[in-house]
Amino acid sequence: MMEISATRRFVNTFMLSLSGVCTVAVVSVLFFILGYLLFHGAASLNWDFFTKLPKPSGETGGGMANAIVGSGKVLLLATLIGVPIGFLAGVFLAEYSGKTFAFLIRYVVDLLNGVPSIVIGIVAYALVVRPMKHYSTLAGGVALGIMMIPIAVRTTEEFLRAVPNSIREGAMALGATKAKTVFTVVIPAAISGLVSGMMLNLARVAGETAPLLFTALGNQFWSAGWLAPIATLPVMIYNYAISPEEDLHQQAWAAGFVLLALVLIINVTARLIIARGASAQRR
Amino acid sequence: MATTSPTYIAETLRRRTSRGFLSRLAGGDEISYLITLICAVSILLIVGLIVFELWLNSRLTFATFGFGFLKTSAWDPNANKFGALPFIFGTCVTSFLGMLIAVPLGVASAIFLAEMAPPKLSNILTFLIELLAAIPSVIYGLIGIFILVPILKDYVVPPIQHTLGFLPIFAGNFYGLSFFSAGIVLSVMVVPFIISVSREVLMAVPVEQREAALALGATKWETTWDIVLPNASTGIFGSVFLALARALGETMAVTMVVGNAPKISASLFSPGYSIAAVIANEFAEANGQLYISSLIFMALVLFGLTIIINAVARIFIMTTQGKGA
Amino acid sequence: MASPQQQQSVKDSVTETSGNPPAPKPGAALKLTARDVNFFYGAFQALYDISLDIPANKVTAFIGPSGCGKSTFLRTMNRMNETIRNTRVEGELKLDNEDLFSMDVTDVRRRVGMVFQKSNPFPKTIFDNVAYGLRVNGIKKSSIVSAAVEQSLKRAALWNEVKDKLQKPASALSGGQQQRLCIARALAVEPEVLLLDEPCSALDPIATLKIEELLFQIKDITTIVIVTHNMQQAARLADFTGFFFMGKLIEMDVTKKIFQNPGKKETEDYVTGRFG
């Protein structure tokens, strides 16, 4: 009877432990990041941050009220632009499309998903900023809206397909047209997945900086309407972080904390809803 | 006992029997098909528009420099001299370094999560790791500038230079912002993608394969290394290419720690640049048609690169799914 | 998929189909008639020259071994097969002497209702499930809808069990209750014919009994066609029974005759349990 050699046993334990160490290292990065942001950012957070405008260069104090509202405006526009197109295209893929055309659309959607965000920013610049001859909220909304499309399509198709066919048959057997079946039965059946998917989509796009650098640009003050440059949270973080002033660094930390907290809360909530929905279906 | 006259409902419904055009339209089938089709087609148009705009705006640079643009390293906007080589070099170096760190780290973690950890723990850890992918790039940049770079400067680089400083890649003064810092930040940013996909691919390897090896007396590690990994290798390659595509396009974190100097250098510790970083930094202030066109030409190159690599990734991953089915 | 030769030999090997619908009983009007219905899934023929009559306000049962085409034929009667790609139907189907295929398909389905083998309530409340058919067909006035919902649930023998929880989700009901809910849902739009495709096959005997009792009651307000693999159920419920085998209608007659004195050998073999 050959006994397993000590070397083999050692290698086994060593390599498996090493893999565990790697995992711990990766996970701990998450906690380090959260920790640092909490430590540096939460400390600098005060009421001024949420209510005041940025101070001119050289003066300390001020806040990012305009950036917070600005992010909200740009994201609202992005949602209005990207989600309907993506959602309805997803409905098309799930309910109406033939196989080859669906393959083509899916391929192109995946392609769009892989385009670096800065390239999308350039295209939005060419399409909106250049003809208008100035930067604007609209341009930023277009850029982020385009980025929202692929995930909207994929999420919609996935969750609509998950609705069992027996439900569709039940509705059609009562005399509902296909369209009525889709919109009054199938989509409501998938609604929790669709909403969580949208939340994840929003969270992803809320943190994007690059495409805003030359579309929405930035603004020291409030931005009225939709056609003026506008301050956004991620761009402010970037500008303050690379500036030489220590006070601005503190504000960058605070803003980073707020942004990260928002993104992570939306993410975790959405994922939990999806997980709960999945286990309910399995019952 | 409330009743409704049975004939009322039947009669109301029967009166709708005559379906005129308007009544059919209200049923919604034609309209909803049309509208959803238009949305799907518009996505095709948007992508076409992207390609068109990039190409259209690159023509000036291409006409002026030709393909030589990609091989020239001079970047002097004031003198109207533009060359993409430093940026292509920087993109490649930082991404390569990032992958060098992320791939072993990621695959090892995926092995732990797929083979070792009990399912509940594995799910929780994977959930946390996927949260890493949700952190915005600018936050990584923030941590990069204020936390990582000082740590590298004080604790990591001196020992390296002390021992291996004679090597060209470790030569020169380290001021913090460098290819090295960017590579490390990139590795953290792409490792969740490698872990996520590799873990799924590993878990998809049939349990019979493992049992066959274990029944022959192989250790768990030997089973994993000799049997499970090769089975999953195509999918893992796919995840690597996916991660690479992300790394190439990563902008904010890189531009905040790479130094933004359009130089080509043998040393990892010297400051550098990348395609995405130069666009982020200089596009808003770029004046002059040729300047803007050069930046957009590089964006086109980046666009092409990521499309190709993503396509390769998808082929790898689809092959794995075909095998597993 | 049977080759053309195999299909031909099927046509030959089974003794000539009845083709002749049962003589209409005095006073029994014909609700639905079928003449020479053939059905194809792609190249595969599933139904051969089906001709029969469904008498109004009676229960007609289709029996036969698995895969004999009885469910397929049932689904042609409300044109549900059109939702499957690559299918083709030939022949004539008439509802109250109107050609089924030239009517608007959603109209057909409203007038010819269906209850499926596995209950498929919508992920909505009990009330909204039963009300769905009315609302989607344009009847929205809440007083009318509420009254219709109550009446349908009573007809489906479910009212007393759910009257206090109409706003609860349908998924909270038991299997048998869900199937009765589906029957109530189908009844709410006052169909002229109600098709049931093995409605009790997934249910326990007590639930089955409840459904059989209610089917007996609603004969007066609608015509019932039920597919069943349970011969005792057919014998209990049906006024007329049709025996399907390998895509053909072998024999159709008054239930008593089919079970006690069948005319065709295949029928006799099946009902005496020699196969199936």
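Worth a mention:
Order as written gives the chain letters A, B and C; numbering starts at 1 within each chain.
Following the convention adopted for this analysis, contacts are C-beta pairs under 8 Å (C-beta built on N, C-alpha and C of every residue); 3 or more make two chains touch, one makes a residue touch a chain.
Remember, predicted model here, so these are calculated numbers, not experimental data.
Set against the C-alpha centre of chain B, every other chain centre is closer than that of C.
Two chain pairs, B-C and A-B, are compared here, and A-B has more C-beta pairs in contact (counted per touch definition above). Central chain by Cα centroid: A, whose mean Cα position is closest to the mean of all protein Cα atoms. With centres set at the average Cα position, the gap from chain A to chain C is 49 Å.
Here the CA centre of chain B is 54 Å from the CA centre of chain C. Averaged C-alpha coordinates put the centre of chain A at 14 Å from the centre of chain B. Under the contact definition stated at the top, the residues of chain C that touch 2 or more other chains are 106-107, 110, 137, 189.
Among the residues of chain A, those in touch with two or more other chains are 177, 180.
The residues of chain B that reach two or more other chains are 27, listed in rising order. Those residues of chain B whose C-beta lies close enough to touch chain A in the complex are 27-29, 31-33, 35-37, 39-40, 42-44, 46-47, 49-50, 53-54, 56-57, 104-106, 108-109, 111-113, 116-117, 125, 127-129, 131-132, 134-143, 145-147, 188, 191-192, 195, 217, 219-222, 225, 245, 248-252, 256, 276, 279-280, 283-284, 295-296, 299, 302-303, 306-307, 310, 314. Of all the residues in chain C, the ones that touch chain B in their complex are 103-104, 106-107, 110, 134, 137-139, 144, 146-148, 150-151, 154, 189-190, 221.
Against chain A, the residues of chain C that register as touching in their complex are 78, 80, 83, 106-107, 109-110, 113-114, 116, 118, 120-124, 132-133, 136-137, 182, 185-186, 189.
Within the complex formed with chain B, the residues of chain A that make contact are 2, 4, 8-9, 11-12, 15-16, 18-20, 22-23, 25-27, 29-30, 33, 36-37, 40, 84-86, 88-89, 91-93, 95-97, 101, 104-105, 108-112, 114-120, 122-123, 125-127, 146, 149, 153, 177-180, 182-183, 203-204, 206-210, 213-214, 217, 234, 237-238, 241-242, 249, 252-253, 256, 259-260, 263-264, 267-268, 271. Of all the residues in chain B, the ones that touch chain C in their complex are 1-4, 6, 8-10, 12-13, 16-17, 19, 24, 27.
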